[in-house]
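I've put the structures underneath this note.
Shared chain: chain A. Partners: chain B in the first complex, chain C in the second.
Then we have the complex of A and B:
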């Protein structure tokens, strides 16, 4: 069986948000995978099944032309490009393939500086309900708690089904 | 009508010397590649001289006709006769201008052809010619590309080579006949490009590109059965991650660790390579006092172990060896691994003391003496934990 596998798409995960990683490793409950750009995240989402995915909205494009073109069209600005959202739409709606079997909206949460009213309509379209705002002075366990919430919600959802 | 020999000789000397002059101005590693293209060098030296020779010959011919014109006044009063006016000075100004244009064109062509990115692009294209025939790059050209990368300065120069290698790897893996054994030279070369000698260790950006390249290689390689490329890619990930740790390229080792996650397959061999790489990276991280990297490696190794029906063999050895290294990192680390061991120990085929003993014997046999010592201490420590006096909470 193994531990639940979590994907955290976040370009600051190894930098200013590194303090959020410690509690995850220390808890030894989850197997955490980091992706810091859209190319890497897309690669993981297509290759590895995850139990939960925590997605940032402002992520860099990485090496893939598909994402770097989107980024350039948005004026090479992470905030305008919102590649995290683009990635979610690509996964669920527009990459020409069915999303992987494991990928269901209830397994996804957004953890970003965007306020809920800014991205709410898009998340609604995607069916993603869990959204946590990054604010100054975050608790070190915020990510751990968010993962816990997503897993609980996702398990509850599959039981209801 | 006198021929301006001084000017013509000067231009000819310039034409002959220009390739040599530009060649000397190239970076040594680039010069080495360019000098190996003998026919190109010969043609760049000889062809302009040949053309210039023809132009001068035409000039001499026309001048000779001008002399005849003086002797025979019936010579046609065309454009030519106008050019031949003023003792042929106009003619030689025209010829010298053509010669200067030839010299200028040669300078432009050579500096374009011998620009670093053009040389690398050519090497990549030549190497890729082998794909249609053998499904892998032409080794000689690939080696030239790798050699160029090895001796290039870190940063943009190495980056150009890494980009070329990435494009080649992607082309190889897109071939229908790709079976997981065509990238050996390229993957080994990638290590050489990044870590040959202290002066030429790649920059942080170069390592980041290499991590991306290896991630891209790993996915198709993992789909092939008994993939040698996968094994080499995992080894390269381990080597580069440890180098990044040694050279204190902060944050980069985690990127390499994440690349290992893409080996998500049931292949037993891949699991063994992955566990070895995780042990190597994790133990190096402990040495370099980077506990977060060590914890990440241990967490991934723990995840890998928990996915197996039974934890045994190489996986058990690597897991316990990394635990032993972390154990040595202090009291808090001890508490962390003790808790982890408690949760995992039921998964071992052998009881924990025997599993530790087997791991220690394995390390002794494979000359990992430091790890072996750490395992001995861990054995002692866990005995004490079981007996109760220093039970970490």
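Then we have the complex of A and C:
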């Protein structure tokens, strides 16, 4: 059996947040896939099964017009585009297709600067319960811990089923 | 017009009812002699019949009427034909702001004061808007000052962080990178190779040297297994860690873990030299990765420092003391702007070239604003430069020229493109706008620099011109193709200012 495959959707993964990847690679337990924009993330989510997906909310659109138009429509405050959320709604509700079989809300977590009260109602609609706020002072194992939590929760969920 | 008061002869032939504004005349004690249809509507009097209120009854502050009359009389004494001001009435509980044009009425013969005559214009809506605007302006001014203060404090914090990182980098030496700038990913990989191999070898020797009995006494088997499992990553971290930017940190986590495991090894159970060698190699890898982390953090601080300082300067432009315009040598302005960005250029490993080496000419303007505007352009040129192949350092060229009574200062760099659409539609000059291709490689920005520089140029009677074209145009790569904006562009931003006369 291979290592659990993890998708991290995060545009700062190679920059400010690169340190969070260190513990994951050092643990040697996971196969990590990075998506740094909505276009790349959408392509992965449609074509590759993941054991856990950690999603940022403020992500750039990438090349696909579908996402760049949404981004442009947000006006000058691009953060309000919340493409990460749009991507989740697209995956679970609105792309005209059933989500891939592997994609269940319990496999998803949100890791973002948005506070829970801002995005809580949307996550509730999506059925995503795990959410960690990015803030100064977090340990560099925060991403690793989040992945553990999602895997434990989603395994527990499938056993209960 | 119905009145209870007999009109003085002066007013008897005056019929203001047809006038399209509110006209009134009152006795010195405020009883209405005339109140035309417009005035009646404003003051909510019946359209006909006697008026049961005095004008003083409408003042929101009753004592204000006396002050208004005094001012009317003072104006009269100075020879003014009328007095104009905004008065605040309360009519049926509602605020009414009226522009009041008023003058005294005197008996033509005796010159005795017989009343006041005037007109009202209802400006309630405009006045209330202006009150809201005034409050908003005050709030913006307060907030601006406050943000300026916060950003100033942040700049000071960055200085402290920068100095702490300098100290840390010094303490974590020797530095294997033979320059002051931020090492590239490939340089970091190369620098990590040897320490990672040395640690892998030391761990492998330790694993080989210990016999089963020693192993059992020294550490639980699970930790020996963990040491074994760490070897592939140490031996080939480039293949094991796909994201280049996280390699140093992953190796740091591994080195720290090996140090933790070594600390649990009782000294007498294993060959002393081998444990020492392992600890030394792990500590060296830990040191080097910490050094890289500190250098990355320092580069981020240097990048953020200018962004915060220029943001503060921009924000407080309207609230700070206005500075005098003066004659300024172009070379002086460029030197000052360059000095502000020397460290950023060094850290980004971008060389600044002046062509010609000394800029001729002078301009008249506000030094602080002109320096900031030029520094914004230089900062962008450095930030949006790409590193060339074969280790050649990128450069920014600052060309200066004088022509037709103007000086032109052009900043030219090689790297991130600006699309024709963004230039032609002036998108790049919109406050807060960040270029479509400007965000690659995590470049920090506020979208203020170009807007600010254009504003400063225009306030000095100048302009800004932006050009961006592929460095080596290829016929096969058209603007419509996906790869068009993936190639390096030469971007030139030119500030043109009127030259100061000798």
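We adopt the following convention: the second predicted complex is superposed on the first by the 158 of 161 C-alpha atoms of A that agree within 3 Å, B and C clash if a C-alpha of one lies under 4 Å from a C-alpha of the other, contacts with A are read in each partner's own complex, and residues count from 1 in each chain.
Basically, a residue touches a chain if its C-beta (ideal position, glycine included) is under 8 Å from a C-beta of that chain, and two chains touch if they have at least 3 such contacts.
Please read these numbers as outputs of a predicted model, since none were measured by experiment.
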Combined model on chain A where chain B meets chain C, clash or fit: clash
Partner chain(s) touched by A:129 [first = chain B, second = chain C, both, neither]: neither
Touching partner for A:103 - first (chain B), second (chain C), both, neither: neither
Partner chain in contact with A:2 - chain B first, chain C second, else both or neither: first
Partner chain(s) touched by A:74 [first = chain B, second = chain C, both, neither]: neither
Chain A residues touched by each partner, larger count belonging to chain B or chain C: B
Which superposed partner A:142 touches (first chain B, second chain C, both, neither): neither
Which of chain B and chain C A:23 touches, first, second, both or neither: second
Which superposed partner A:35 touches (first chain B, second chain C, both, neither): first
First (chain B), second (chain C), both or neither touched by A:12: second
Chain B versus chain C as contact partner of A:151, first or second or both or neither: neither
Clash with chain C (superposed arrangement) - responsible stretch of chain B out of 168-176, 330-338 or 366-374: 330-338
Intersection of the chain A residues that touch chain B with those that touch chain C: 14-15, 18, 21-22, 24-26, 28, 32, 34, 63
Chain B residues within the chain A interface of the complex: 166, 212, 215-216, 219, 251, 254-255, 258, 261-262, 264, 292, 295-296, 298-300, 302-303, 306-307, 336, 339-340, 343
In the complex, chain A residues that touch chain C: 12-16, 18-26, 28, 32, 34, 60, 63, 76, 140
List of chain A residues in touch with chain B within their complex: 1-3, 5, 14-15, 18, 21-22, 24-26, 28, 31-36, 39-40, 43-44, 47-49, 62-63
Chain A-touching residues of chain C, taken from the complex the two chains share: 229-230, 233, 240-254, 257, 293, 300, 430-433, 439, 441-442, 482
